[in-house]
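Accompanying notes for the structure given below.
Chain lettering (A, B and C) follows the sequence in which the chains are written, and residue indices restart at 1 in each chain.
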Amino acid sequence: MAELTYRDAVAAGIAQEMARDENVVFLGEDVADAGGVFKATVGLLEKFGPRRVRDCPISEQAILGAAMGAAMTGLKPIAEIMFSDFLAVCWDIVANEIAKTRYMTNGQIALPLVIRTANGAGSRFGAQHSQAVENWAMAVPGLKVVAPAFPADVKGLLAAAVRDPNPVLFFEQKSLYSMKGEVPDGEYVDQLGKANVLRRGKDCTIVALALMVHRALDAAAILEKEHGISCTVVDVRSLVPLDTQTILSEVSKTGRLVTVEENPRLCGWGAEVASIVADECFWDLDGPILRITTPHVPLPSADLLEDNTIPSVARIVREIRGKIE
Amino acid sequence: MTTKRKKSPAAEIDIGRETRLELYRLQLELRYCEKRAYDLFLQNLVKGTSHLSLGQEAIAAGFGVAMRPDDWTFCTYRGHAHTLARGASMEGVLGELMGRQCGLLGGKGGSMHLTDVTKGAMGSYAIIGAPLPVAAGAAWSAQYRGTGQVAVCFFGDGTANIGAFHEALNFSAVWKLPVVYVCENNLYMEYTPISAVTAVEHPAADRASAYGLPSIVVDGNDADAVYKIASAALAKARAGGGPSLIEAMTYRHSGHSRADPGKYRPEGELEKWLLRDPVVTYRERLLTLGFNEPTLKDMEAEAMGKVDRATGIARASPVPSIDDIEKNVWADGGSAWRN
Amino acid sequence: MDVIMPQLGETVVEGVVTRWYKKVGDVVKADELLFDVETDKVSTEIPAPASGVVAEILVEEGATAKVGSRLAVIRESAAGAVAAQSAGTTAAAPQSAPKQAAPIAPAAAGERPARQAGNRLSPVVRRLIAEHRLNPADIRGTGRDGRITREDVTGHIERGGARGPAGTVRTEPSAVYAVGGATRKPLNAVRKRTRDHMLKSWTTAPHVLQAVEVDFMKVEQARQAAGAAWKAREGFTLTYLPFIACAVSAALAKFPLLNASLDGDDLVLHPRINIGIAVDLNFEGLVVPVVKDVPGKSLPQLAREINDLAQRARSNRLKPDDMTGGTYTLSNSGVFGTLITAPIINQPQVAILSTDGVRKKPVVIEGPQGDSIAIRPVGVLAQTFDHRAIDGAYSAAFLREVTTLIETRDWTQELQGQY
């Protein structure tokens, strides 16, 4: 085990896979020489050389189009889209091409590629550089969607994503890049489609993703200590494939579901989870489902405003106290 | 605005007898098969929409003969000819148009997405501009693995105005990728004359200099000319010389798609271009070069026979199973998003 | 940690603790056998839910306890002991007066309508109340606004609040005429449950018997072909039962109304076909373990599974899961060479099939050249159906389908299915 930051875990995960397989290549804007604008890919150029680690022009369509073309002809590309907001610039390639080509060609074309991107708010970057858009990807059939909360998960899930023969969108939360955590040494591969139960309680089951996992854990500690409400916390980690069994199992134990989502309210990932639980766990529910989300507004930039827009620990505590007995 | 065009290295390429016959054979097959697709549409056996390439066969044939079997083709929704030109089966193409099991895509993709990876036909792309960066990626893969393969990407005149065109050209030029971009300028972007919406006369060739590339315009209805230009561009790419951008002038005999009778074309324009029908003019050339009539007639009969046989196979092929709906989203053949 | 009476089967409300493997003061490890419980369907061994020391045993051997009630306490740690003590205190406290569910009073002018949370029962509360046949008025709600919470219901059950089935038949103790020297044999738990279940089934469902005579030639051919090799390889004899189960499951797929249950005004059609196989326990009682998803299984798989369930039933090794989820039942009296049986429907199903004796009989075979007599193995299949749900024509059509399948399927080929 070693203590790594979330950003170093990104580089470690990429390095592990590039060392293992000659066909894994990495491209993006400012990723090679500069080591990435978030310094998440420092050292890769030195380790693997300019043939395998490539800087691109500001051309998101070309970057992802090239990743797609390379993936269908024998390579295993990892492509970076600097800010997840920019997926909108090349959404055709993601949603119309990459997601659908295997299906339309009846399995002829394989696309083993990973698109990694810096997602989410908390860094005061304003509305066009702070969105959490993993729910956009979840809504398109043909894409796997992952969003790790811890450095260990970054490394392990990135490795799993590279090894997955399908297209995977890997959403790194940009405000977590400095966080430290224990990461296994040596070869480490986690599993897509598996949620982790981080904490068990008896009053409600909180299901959260990425940055919201940490806030949920903090809120759960406060709720237990100061308000006698004990919460289970589930880190979803993977939206597609979704570990519905773990979620249903944990909700049936407590009888209450709370989701904590960074997405704006409408069609956040938690809406789908709530719908599944309302269907398959109906007879175990002891009360209404609570979704704690960002309100349905673009994100403001000022500190105070941003902090009070995406779910804060205080708001999570308050909303759970208000709805859960 | 005209630009200076250098003497093309393609001029040096000589075309042998066998190659000529191959070019003619291929154009015949492309023509007859596409016509058959039209007939089947009139019989309501081909559903949805189809974008016919009648009149543009010389481009597909010229490149089809010049390319290596392990090169890759990327094309647009007007891709029947390009897919056939790489050797995909006619029953695979006709079957896909009719939504049958024998279709190249098992009825899952349809006319606009014809693909046969066993023949290097890496997809027909329905979104304008999409195949260009994808072709660049394939070319990158060849460059990376040092295989000498080349990606050839076909697109229409309208594509030269979309963002992905510019991104892909710049990207390919900077990375010196082994990719050949071929703009089939048939003078119309869907229903609008391309000249009405483009800032330059030649939508592709006049932009080549923006990417540090030579401007190349070729008569797209002359299979020999296309073959020569194609061979030169492929050779350049294989030798590490980077991408080429070729504009091939041509004309489509039918409308943009099924739904379009092409009435927006000025009076007499179609007739003028029919006089330059690539298949007809090539036949005349062959005769003047000494090929004899019986040989050509035999080839025509053989091509038609091939189309007839394929039509029979495709018509007899059953429709896909409903079970196929949930297949092949993922590499494991399934579509599960949850446990 | 409390050891509670587990839920063994959908309709089971109580069980008898027949044996304790540990006594107070013994050390126990999680998953080690702790006690045996007998319910109306099965006797099951229950493992300890945690490691520690058995601190209390609250229900003695031979005593009956409700599902969900506390049977024992395991002291895991200091914290565990504290929890056990406080739970014990609650159990001893007198049950508080049930909070009245507020009636829907007409709203006074300007007042909000009386839709208090105390009226609202959450899904899990509704389910528990239905399963245990409780009256919400008897349960005190401690949730917000007096709402009945899940814990309120489970606590109520644990404190012995669950009453037995509503409308328990009260009979006068009958003056049984006993001849001098008669012995009294107390009915065991399984017998009592069977008694109650059979009476209930008989008195709620109008039973109609319908039978067909089936030519088992093709089945017999397949059995002969499998021969001694089967017995040597599998360790058991291949009987008619798996073939019949296979044919019945195929027929049920075409006649789904027979794979159903009545619930008020609805006939609930079950999506899965799970067939219960009645197994006699050496004349001591009857259990009906269930083969799940029969249509998806090959004939050899079915044979193995049926054999396995029967073996485990006889050696008392059935698990609660083996007993639940049945949608149709096969009752096999045929081993004793019966002519025909009219079995009682296994509630809450709507039909049951008896497979009676198969023996060689002369039958008339119609041929292109005229009729002839052949010797064939022939047996009766008799279905009893609930006439509230099904009519004779439907049942008869189903039986015809079963007959056709048994008489015409290539059973030899089916036996060669995957091993």
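By definition in this document, a residue touches a chain if its C-beta (ideal position, glycine included) is under 8 Å from a C-beta of that chain, and two chains touch if they have at least 3 such contacts.
Note that this is a predicted model, so its numbers are computed, not measured.
Closest to the middle of the protein, by Cα centroid, lies chain A. The pair of chains sharing the greatest count of C-beta contacts is A-B.
A separation of 45 Å divides the Cα centre of chain A from that of chain C.
Averaged C-alpha coordinates give centres for chain B and chain C that are 67 Å from one another.
Work out the mean CA point of chain A and of chain B, and you get 40 Å between them. Residue positions of chain B in touch with at least two other chains are not found.
Partner chain B is touched in their complex by these residues of chain A: 25, 51, 54, 56-57, 59-75, 77, 92-93, 96-97, 101-110, 112, 141-142, 164-166, 193, 240-245, 276. Those residues of chain B that touch chain A in the shared complex are 72, 74, 104-106, 108-110, 113, 115-117, 122-123, 125-127, 129-130, 132-142, 144-145, 149, 151, 163-164, 167-168, 170-171, 174-175, 324, 327-331, 333, 335-339. Of all the residues in chain A, the ones that touch chain C in their complex are 255, 282-287, 325.
Chain C makes touch with chain A in their complex at residues 122-127, 143-144, 147, 149-150.
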